[in-house]
Amino acid sequence: METKYMTLNQERNVSLTAYLQKTGSEFTNISARPAVLILPGGGYQICSEREMDPAAMAYLKAGYQAFILRYSLGEHAVWPNPLKDYEQAMRMIREHAEEWGICRDKIAVIGFSAGGHLAACAASMSENRPDAAILGYPVITEESAHVWERTAPDAAKAVDRNTCPCFVFATRTDSTVPVKNSLRFIQALEEHNISFESHIYAYGPHGFSTADASVLDPQMPVCGRVHRWVADSIGWLKEMLGDFGPDGITKPLCKRWANGNSADYLSVDCTIGYLMQNRQARPLLGGMMGSAGKQEASGMGSSMSQEGMEVMMQSMTLREALQYGQVPAETIELLQGKLARIENRQNGLLR
Amino acid sequence: METKYMTLNQERNVSLTAYLQKTGSEFTNISARPAVLILPGGGYQICSEREMDPAAMAYLKAGYQAFILRYSLGEHAVWPNPLKDYEQAMRMIREHAEEWGICRDKIAVIGFSAGGHLAACAASMSENRPDAAILGYPVITEESAHVWERTAPDAAKAVDRNTCPCFVFATRTDSTVPVKNSLRFIQALEEHNISFESHIYAYGPHGFSTADASVLDPQMPVCGRVHRWVADSIGWLKEMLGDFGPDGITKPLCKRWANGNSADYLSVDCTIGYLMQNRQARPLLGGMMGSAGKQEASGMGSSMSQEGMEVMMQSMTLREALQYGQVPAETIELLQGKLARIENRQNGLLR
Amino acid sequence: METKYMTLNQERNVSLTAYLQKTGSEFTNISARPAVLILPGGGYQICSEREMDPAAMAYLKAGYQAFILRYSLGEHAVWPNPLKDYEQAMRMIREHAEEWGICRDKIAVIGFSAGGHLAACAASMSENRPDAAILGYPVITEESAHVWERTAPDAAKAVDRNTCPCFVFATRTDSTVPVKNSLRFIQALEEHNISFESHIYAYGPHGFSTADASVLDPQMPVCGRVHRWVADSIGWLKEMLGDFGPDGITKPLCKRWANGNSADYLSVDCTIGYLMQNRQARPLLGGMMGSAGKQEASGMGSSMSQEGMEVMMQSMTLREALQYGQVPAETIELLQGKLARIENRQNGLLR
Amino acid sequence: METKYMTLNQERNVSLTAYLQKTGSEFTNISARPAVLILPGGGYQICSEREMDPAAMAYLKAGYQAFILRYSLGEHAVWPNPLKDYEQAMRMIREHAEEWGICRDKIAVIGFSAGGHLAACAASMSENRPDAAILGYPVITEESAHVWERTAPDAAKAVDRNTCPCFVFATRTDSTVPVKNSLRFIQALEEHNISFESHIYAYGPHGFSTADASVLDPQMPVCGRVHRWVADSIGWLKEMLGDFGPDGITKPLCKRWANGNSADYLSVDCTIGYLMQNRQARPLLGGMMGSAGKQEASGMGSSMSQEGMEVMMQSMTLREALQYGQVPAETIELLQGKLARIENRQNGLLR
């Protein structure tokens, strides 16, 4: 493994450390690797070493390239300096993707606490969006952000349809950065149809990093699941970005939006409620819905109300409803072909 | 293991099945066991067998007694019939606690989907509150509840300070009962200071039960962490209610409220912000806060603002601040003694 | 779940308890379930309740049917009474397979301690062999068996080519039934080409059952991996017997013999060393071996000795060598077709 | 993290790579770290990169320092060159322990395949013994070793009472290095009273390294538990060498010998059989054994034979028997005081 240390901004003391693993040769099926860019926490006052290497090692072991950004702190942390540092780092990584053995479109940002605030801003308001974001006990709301840096923005309010999928974890009893921060962010993700996974553990202190005994005071009361976020976030990344396969990286198993309503063109992965509002799509659904609905209702017993059924089907995707109604795959593909030609104009207006 | 089948309400076809394990004899240290009461899902139209025994077995294996309630369905599901069924079952279990080898104050309710709605109502609005609740892809909001049963209430709106600790899990992409339901509920728990743990998995269908291949169609796309909720909920129950120890059940590791602000009397586990609003408590804190504050600030570097520090300390508990400031344990105990004599009058008014 | 209690032998106080789960209806893809037959331990003096239900529940949760055999004890334990009890139980289960919703050829025996001795005997010397055996801290050697029952045979010496695949676990520091017992058994399995998995954990007491706090004195020093055998044995059973799939039980992933040398006919899964000893098979291998060998050697660098290479290839299967040498799949199939016609006469003589 | 590259022997192309993490400062309770020395595999022809960094990262994440030794290969691999390389590396690490932030007596060696042979030799015949050894699908027997290097010794035959505790893992179906190698080694460890843990997984290819998708061809059939050895070996190391605690490394939970029979002086951790053979110890045991025996027998029911009981107690430690007989702790301590003064003369003769 090769280590590189790069100064990004001498005046503000910003630097990027790279841990780069080989590609090719004995790693026959690996011509490029996904990467993580780690943003340690420390209240925009320090960058905690407990949230650098211990986290990087886990992703390196899983085959990723790893970067650590020491961003602007203290007096230099005035907004948008830290975000500029991120933009510079991400640009540099993407520019050197080939040289450094990196998949340009498989770069996740990982941030803890104040670094989680920066990572959430990267995910929701940067020009160089990451492809996934892992947020550990992040600072999100303006109220919490201002505790540490008076100029820092609210990250939840910035969430838009281009926000990348997020993995959010925290403890319920965190009193340094209250759990409300994480809840507020996943709520914003839900409202914007963004894919996410979140784990709120019952109890434990702020700043637990990987929860290994070597980084967390072992006398600190912490619930037994906390350390799981490391392996779980790797499992999630592999589902979101693809995994190492015999012929390079495999296809992702999970899409960036919870359903197709946010894509540029319509599809059978849009919800029925959304499609029915579209003048071009509505006639295509036609009679199909009737039979699928009856099938569904009968599965649940005869007494489910017609109104209930209709409300429920609003949030189902067309694909789900058709599969439930045992509509043949070819018919679904035919319909998909037609829908895929309809531009999703309401997109920008989505909630 | 003994199996009992009890009819609770012949007219509405309500019944309670009990799986009861031995106490004493070879289980020398077990005179009574914690218990779970399972409320299967099925849209208030059926009670799904896929959410009965497979779930019960996991808790039985961990040493719990297990009950399954077949509550009022279809035309009988008009509110508050299902909740009455729950009340009757819980009353019966507590009345027979000694006979059936059960710890009267360690009974958790587990509900899936519509059963999760009923469990959430049990947790937040019943007369016979459970001691913990595990909610799987629950129906929560009025909007979702009315899809299945037009008279069912919104469970999140009912959350109060007596709501029991909750473990909530769901998948992000559930289109039958949208994830918004789970999010709304944990938000209500957060607002009322209730302990909780929550796991929102990236993707997977509604109604996955234990996610074992024997209950979930193995072709269904589902993310790799989903099956974890079973073991995780058991770990959580042991932290909330205590575990089997050499001399009976051990002391819980996690409290029912995230901090002491909701208890009947003040304590060092109240947040500093809360204590400072109390005329009797404020003078007791006095000079202590100053030194703890300085300590904290210096840990983060000298540039953290005084205002930021003060806002952050509002949400810390007094115990945390004092421990961080390395105040001796005896001094903390002395303070605790004094605070414990002050009635927590604002309690009823707590949002 | 239905519970049945059947007396098998009134005089010797032998009984069989059945826990039977439903098939069909909501479990649409399940017309029959694999099963486990549990043989609790207790030195042929008692049948420990700590090794009955807690173990049964784990397999029930995974979708299996479960049986518990209370076999002959004390004065009735004189050999072969306990083995006769097993034979009677297994015969009964197979005879009622259809009625009880069981896959007749997917029945595993699970034994602990003295019950592990009985399970090992069932695996290696019974008339009604199980399809897999899980042996927990088993008594194996004559020396150990005679501690408990003077007439009990050595189970390792009985291992033959028809012994079923085994999963063996124990702790290194067990002083009641020394770990030598488990080692002796897996050595016998290795010598007879039988598939197995084994986990010897660093330390822990005898008789830990599932290692749940409800069955194991929580003050007892026990290493952190011990409880894993439960989930691991279920994972192993699914690989050996198949798992629940959309159209019934899937094909096993692991074969009953470590290679094809023990089967009734030759195959490309026989080792090269074995095939080369066969007058009919040898000419079929011919030139192929040369090129595969050269390929293999070049992978390791040029300096590997010709003799070393030849010795190593003795233990490789023909399929492995051909795949390594990138011989096309069709060529391998062709060869398989020819080998499959050659009876494996040496079979009975195998070591 | 600092990376160092050191040439140990230019002529034979031997080098040591060090990955060194910080001690002190933010890692307040860490003044020195345990370490691992990794010996990659490759048939003494190459050193496989797939078994270097991916393995190192796992232990680094857990807080360990990590070293990788590129030892003598090909023509240079003639014995004892590779062992000399190991001795030189271990000596250098111990000499620089303070400078590099390492606990001098907590250094484990990790070897894979041929590197596993070298690690097993380090554990059993080196002058600079490691404190623990992790052996992955190791080459052990002379027969297997000679496949790769004709001068390499049999590692199992060298096992002595000073062999360090070992963690051994392999797959049952490994045809490159047959599982017999691992079995032979753990049998030798058992015979010499050495602590060990071993995991033989049902199936999988040779050389799976960490079994991450980035190092193992994901199309290769491999059983689901294989990847566990990484986390399990870390858990084991923590039990054998101690874990990070509030005041430095904690006390180990597991001893290097399975019982006290191999130590320099007698103790209550010796087996009763061993103590009874000692003329000085025997009188100290006296009447105690009688009552403990009766207690034990009555626990099992009255029919256990006196002879059986006596044989069983031979292999129990005195401490276990006394605790089982509920002898008070002070009496045990008194006895321990007396035994600890008796030199364990038979020691050198212990098989």
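Order of writing sets the labels: A, B, C and D. Residues in every chain begin at 1.
As a working rule, contacts are C-beta pairs under 8 Å (C-beta built on N, C-alpha and C of every residue); 3 or more make two chains touch, one makes a residue touch a chain.
These numbers were taken from a predicted model, which means no experiment stands behind them.
Peer 1: Any idea whether A-B or A-D has more C-beta pairs in contact?
Peer 2: A-B
Peer 1: Approximately how many whole Å separate the CA-defined centres of chain A and chain D?
Peer 2: 41
Peer 1: In whole angstrom, how far does the Cα centroid of chain A sit from the Cα centroid of chain B?
Peer 2: Roughly 27 Å separates the two chain centres.
Peer 1: Which chain D residues reach two or more other chains?
Peer 2: Not one residue in chain D touches at least two other chains.
Peer 1: Name the touching chain pairs, please: which are they?
Peer 2: Taking the chains two at a time, the touching pairs are A-B, A-D, B-C, C-D.
Peer 1: Which of the residues in chain C come into contact with chain B in the complex?
Peer 2: Residue list for chain C touching chain B: 1, 3, 19, 21-22, 25-27, 29-30, 33, 48-50, 53-54, 57-58, 60-63, 210, 212-215, 217-219, 238, 243-246.
Peer 1: Quick check: in the complex, which residue numbers of chain A touch chain B?
Peer 2: 42-43, 45-46, 73-75, 143, 146-148, 150, 165, 172-173, 175-176, 178-180, 183, 186-187, 190, 195-203, 221, 223-225, 228, 232, 235-236, 239-240, 253-254, 258-259, 271, 300-301, 303-305, 308-309, 311-312, 315-317, 320
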